[in-house]
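Chain naming follows the written order as A, B, C and D, and within any one chain the residues start at number 1.
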Amino acid sequence: MTGLASPSHTASCGASQLRERLFATRRYSLELTSTLSAEDMTVQAMDDASPTKWHLAHTSWFFETVILAPHLKGYRLFDEAFHYCFNSYYESLGPRQPRPKRGVLTRPSCETVLAYRAHVEEGLEELFSRSVPPGPEIECLLEIGINHEQQHQELMLTDILALFAANPLRPASRPPRPHPKQPKAPEPLRWVAFGSGIYEIGHPGKGFAWDNEMPRHRQYLQPFRLADRLVTNAEWLAFIANGGYRTPALWLSDGWSLIAREGWQTPLYWEERDGEWSAMTLEGMRPVEPAAPVAHISYYEADAYARWAGYRLPTEFEWEVAAREGAARQMIGEVWQWTGSAYLPYPGYRPPPGPLAEYNAKFMCSQHVLRGSSRATPQGHSRATYRNFFYPHQRWQFTGLRLAADAA
Amino acid sequence: MTGLASPSHTASCGASQLRERLFATRRYSLELTSTLSAEDMTVQAMDDASPTKWHLAHTSWFFETVILAPHLKGYRLFDEAFHYCFNSYYESLGPRQPRPKRGVLTRPSCETVLAYRAHVEEGLEELFSRSVPPGPEIECLLEIGINHEQQHQELMLTDILALFAANPLRPASRPPRPHPKQPKAPEPLRWVAFGSGIYEIGHPGKGFAWDNEMPRHRQYLQPFRLADRLVTNAEWLAFIANGGYRTPALWLSDGWSLIAREGWQTPLYWEERDGEWSAMTLEGMRPVEPAAPVAHISYYEADAYARWAGYRLPTEFEWEVAAREGAARQMIGEVWQWTGSAYLPYPGYRPPPGPLAEYNAKFMCSQHVLRGSSRATPQGHSRATYRNFFYPHQRWQFTGLRLAADAA
Amino acid sequence: MTGLASPSHTASCGASQLRERLFATRRYSLELTSTLSAEDMTVQAMDDASPTKWHLAHTSWFFETVILAPHLKGYRLFDEAFHYCFNSYYESLGPRQPRPKRGVLTRPSCETVLAYRAHVEEGLEELFSRSVPPGPEIECLLEIGINHEQQHQELMLTDILALFAANPLRPASRPPRPHPKQPKAPEPLRWVAFGSGIYEIGHPGKGFAWDNEMPRHRQYLQPFRLADRLVTNAEWLAFIANGGYRTPALWLSDGWSLIAREGWQTPLYWEERDGEWSAMTLEGMRPVEPAAPVAHISYYEADAYARWAGYRLPTEFEWEVAAREGAARQMIGEVWQWTGSAYLPYPGYRPPPGPLAEYNAKFMCSQHVLRGSSRATPQGHSRATYRNFFYPHQRWQFTGLRLAADAA
Amino acid sequence: MTGLASPSHTASCGASQLRERLFATRRYSLELTSTLSAEDMTVQAMDDASPTKWHLAHTSWFFETVILAPHLKGYRLFDEAFHYCFNSYYESLGPRQPRPKRGVLTRPSCETVLAYRAHVEEGLEELFSRSVPPGPEIECLLEIGINHEQQHQELMLTDILALFAANPLRPASRPPRPHPKQPKAPEPLRWVAFGSGIYEIGHPGKGFAWDNEMPRHRQYLQPFRLADRLVTNAEWLAFIANGGYRTPALWLSDGWSLIAREGWQTPLYWEERDGEWSAMTLEGMRPVEPAAPVAHISYYEADAYARWAGYRLPTEFEWEVAAREGAARQMIGEVWQWTGSAYLPYPGYRPPPGPLAEYNAKFMCSQHVLRGSSRATPQGHSRATYRNFFYPHQRWQFTGLRLAADAA
């Protein structure tokens, strides 16, 4: 999940509460690490994931590189070598630590990275404490920095889960908390109908949005129906029991090859013992709750399930229309929802100028759009026009699905 | 390139000339092999390509399996073992020779495969010679078989080219023929403008079409412009000379990784010697003609070129609208044209019943649509609604590009 | 199996019958192809194997490059491009067709390769028909060429077997011939004892030998015993039935990883159906004969079997001593016998000068020595000092084992 | 480097100072970690290397599993889950954390692993404090445990070096210490001559030795000469400057493929900047000292150098004879010395009973023997009969070479 809006794309960023939100966001990143040791924060679980320490440093490097170095006169880089260590993928900003090798960075230490964060925050404080306030351009960059850090907050959680799931001790990364009592059986699924016509899609321009949510434009939609809730674990168990993972006719060709090669027979992190299903979570191994939305599935699995159920995945446009109209339950805050839409630029899309051009645009190929947000998405980071994207085989995020259908 | 229409999807197949077209198509497959030895026809150049012999046998297996075995009473299978050898990818029809191992089939021999073709054609003749004519269902299946074989005719050419390009002797697979005199310099590029609005997209239902061209449905398009001709070799050379293959800002992230890893610096088959460019073709090594359309480029390269030129690729809908209106040159018969559209089902799409469900539907992920047709596409196999599809890294087909732009 | 003696290493090559043996060897290569089509002769079964056509051409290229071009005045190269096509691995002779791509050479055709062979043989005839006979240096090179071609004759058989075993039709590459009636049960195994002491090892210098068999030198051997026959299929079946392939304690660490990764549970080419074992052979699928020597096993399997049986593999020196003394049955002509000796240079070894330095020396690492010869080895190509060598995982050759033990 | 002697193979282990040596060894392991953070100790640099924490835990698991659990009545396992986490490769002891995944074990923490060490040491103390002393069998196991831990002490150093060399900050893992002043130029190389004859090879049986050093047995050696010192960096620079890494004739075939594929042009860890050479060391980046022994080379490089220099590598037997006679300088304490000998069992070799059978025996294939010891080998761990072994491509250990030659 990666995205970046350019100043020219983000409408008025809201100056008054910006500072407060900025530092609250920064603090929240550290709160997420409260149960982690320096060891936990350093190791990289797999190529797709990054160490917590790297996330903490990279989000600071981002503020330093995009705002402080060019815009805060007299700002001193914390350590010049960090530019190489913590650049993620910006070709225009020079060479960088290869992504699969982020986990060898035992130095700088977590302690040094915390000092780096403090140093960057001092710079950001200074920006606000000047006689002349930041001004709209820098305000927008700060807004981008906040949203960027929020994206990494979610990744910190999914990446730690990947790490702890690979550990034979299956440690919890946070204490178990009282869950809202889930009903034993899923709610009956209800369908919400939408008529055909031209719909406005994309961010309307007020408040923050990433460049990939714009420009707002028109799409013609055929009439469709959308499930008013997500697919549940109970339903997924029925799919498994019905031979879903063994029936080639349900699968895209690439998906069938993948599950055969990898031996996938369940969502990621699921285990069966003596007929009981449990799954690795941030709270350690927990029973699979029947009424909870299924999570950690790939696009291939979501697509196969929909076919098995006799339905299809929604397009991202259908999802957005429904979300805007508030017409269905569980749109945000549960799991990211795979859509049938490929991640492509909207008509008329222009990437922002400068290095932020690389934030979203260069990933617009071979990925699918996910809509909504997950239980790991920070408060305030969700909206109806938000476009998340992953490759169809990826499933270490909190990814699930909602069914759609053509009009009856 | 693979596709299949179900009877229910193909409008009236035209009974009267069907037989003639069927056998003309069968003969043309053999004509394409006239310069090839049995050795040439047996070897598999790479995993993506298939041996000529395999194409000849598979297209016969298709008629045998889909039409003769179920519909011609008393038909005798030529050899039961061929079902395993020449099933391409139909999971519903059982296990098969793995795709990358099609080239180990030195047996059955080419001679036997020709006998297999004759045997199948006898069956097809018998179908027509009966007192009761085939009827619409079988006519439609025959139409599908013809179109299927035509698709493989194009693949026979591209796969032989791949084989001969890997041969240090760089043999020609057909005698050089007098080319239409190409002008030294490309024609100036002109733009054709199209207005916004709701357009009908997809096959209207009269005449043959694949299932993936249907259903006809509505798309809203923003105003756009389309180049009236293809990008030329001369223009591509300017892209190379300007550092196109060395400038990361032009490339999608996956594309940049790919060209770095593989060392791509030109289209496939190009070679430079003493400042002169030549390329491997069906007629052997030939000078790169400046005014001819560039060919053998991947989606990544097409996309990077468009960005470098300050434009973009058209969507498949824009292309179809322009083709229908006959508004631009070089729409068919030159090179397949990469579009910015991912290969996905049309709204309301339903795959055909039976094994033909696997023809197109299961490939609708991670590929891009190409429109038009190429110099290798058989006569009569092109149309404005045709959807070809390949992965973004593939370039052994005759693939090129046409520029598009938003309205000025 | 590859080796080359330099003139300085091969003792008197025997001038009188040389010509006759040369052309008999050349003819025998063609006889081996009598049941093969051009298609069969062109395809490469796997990276380790080569096409028959390539073997036919390479052995001709060898005579052309090593003898005719430098030593026959006025000799005209058949085709300069063949130097690239048919150089096997001689770095000193320039770039070459990559080994895994030998199978794309559908051109030159088999017919052309036969013409190439004839052309080279004309050159060789001319060498003999001159007023001045070849002389010892060229005689020795001719001897090397004969032995080189004999090595490729064996490879032609093993490589065709690999090709036909990968073909679902499981074709035979020669008509079934009446086998010597094998007894139902293996002969009882008898042990032959040898005393300790200093033994002379290596070729004594009279007659042809490869450079890697020299120099003759001394080895001290502890007392040992050698089985007087090979391990049989019946014994191997007992090993399988006893869980040999599932017992890690029997295996070298690398071997255990390999069989787990590849799922090996039998020798190569074995198949079980309804409790009956059969194996792919040059005569097609045939029942596994209990009393016949087991074949197509890797070093790892040979070593595991010996450990399971409570014995060990012989060293190559032990084998040579026994062979020289004629003390045991089945030393040659059945299967190559894995020894516990790594393939390393003998003390005092010097590779021959010129390109032939690359024949054997550069492979002296990570391989194991096999002794004896196989049913596929040409007549007259076996001797007690012969050193064949393969990597421990390879098993597409006719490879088996004989047990050894320390003195009781 | 891994080895294990069985009780029956280790001659009198020396009871009196055993306890003192045991705890001194345990303390020394911790001393080696004094400059490392918990982060440094947790990360795995590459598949071949292990985290420091894992080494600390594994060596404790070894004492617990081999001695305390079976032999100390009432001993309580520290944590049952550690059996899975810290078993290295003992198939007979059950499943284990896959080797390339040792670095995901952020839990147990370093702190817990230290507690584990203390717990095991309490158990060991108790063993000694009993009224009945341990007895010869347990004494021998303790001796094995000490030597095992010493082997891991060396690996801790080489693995940390691998980790820090992969870090763009190139941290030092210990403070730079005053080096013995190295002369600018290497000492002139002198040759020591040895006569032919039968030599006794292998451990004579007094004092500790690994099973792979036994049994003592006879080898016949031809006369040879051995360089009285190691090959130096200055000499290696001459090899580089002379095109050593670009001359295929110098290389084994596998080695040449490897250096081409990997782009090797120097020993591991070397870097050139502005004509100056430096190398990553435990003390960070340091200038390459001309007179110091070259280190971090693979067998392929050692072998190529020897060929370039006109010599060869010694066999392990030659090395042992020379070491026993004290005839040459720099035999131990500098770098491990590649020999031309494959790592194979000595004649009459029997692995020890029980799980220790897996210590050395199952690795006796495809590796080469290194003799001597390195600057990282703990005091008292070297001897003339010691056999270390690595694959020919490995070079993250302190590996160098000494030249040998046949008698003039």
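One rule holds for everything that comes next: contacts are C-beta pairs under 8 Å (C-beta built on N, C-alpha and C of every residue); 3 or more make two chains touch, one makes a residue touch a chain.
Please read all numbers here as calculations on a predicted model, not as lab measurements.
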item	value
Chain B and chain A - chains in contact with each	none
B-C, A-D or C-D - pair sharing over half of the A-B contact pairs	C-D
Gap in Å, rounded to a whole number, between the CA centres of chain C and chain B	46
Distance from chain D to chain C - Cα centre to Cα centre, in angstrom	37
Between chain A and chain C, centroid-to-centroid distance (C-alpha), Å	58
Chain B residues within the chain C interface of the complex	37-43, 45, 53, 81, 84-85, 97, 101, 103-110, 163-164, 166-169, 171
Chain D-facing residues of chain C, complex	89, 91-92, 196, 198, 217-222, 248-249, 251-256, 299-300, 303, 340-342, 344-345, 347-348, 357-358, 362-366, 392, 406
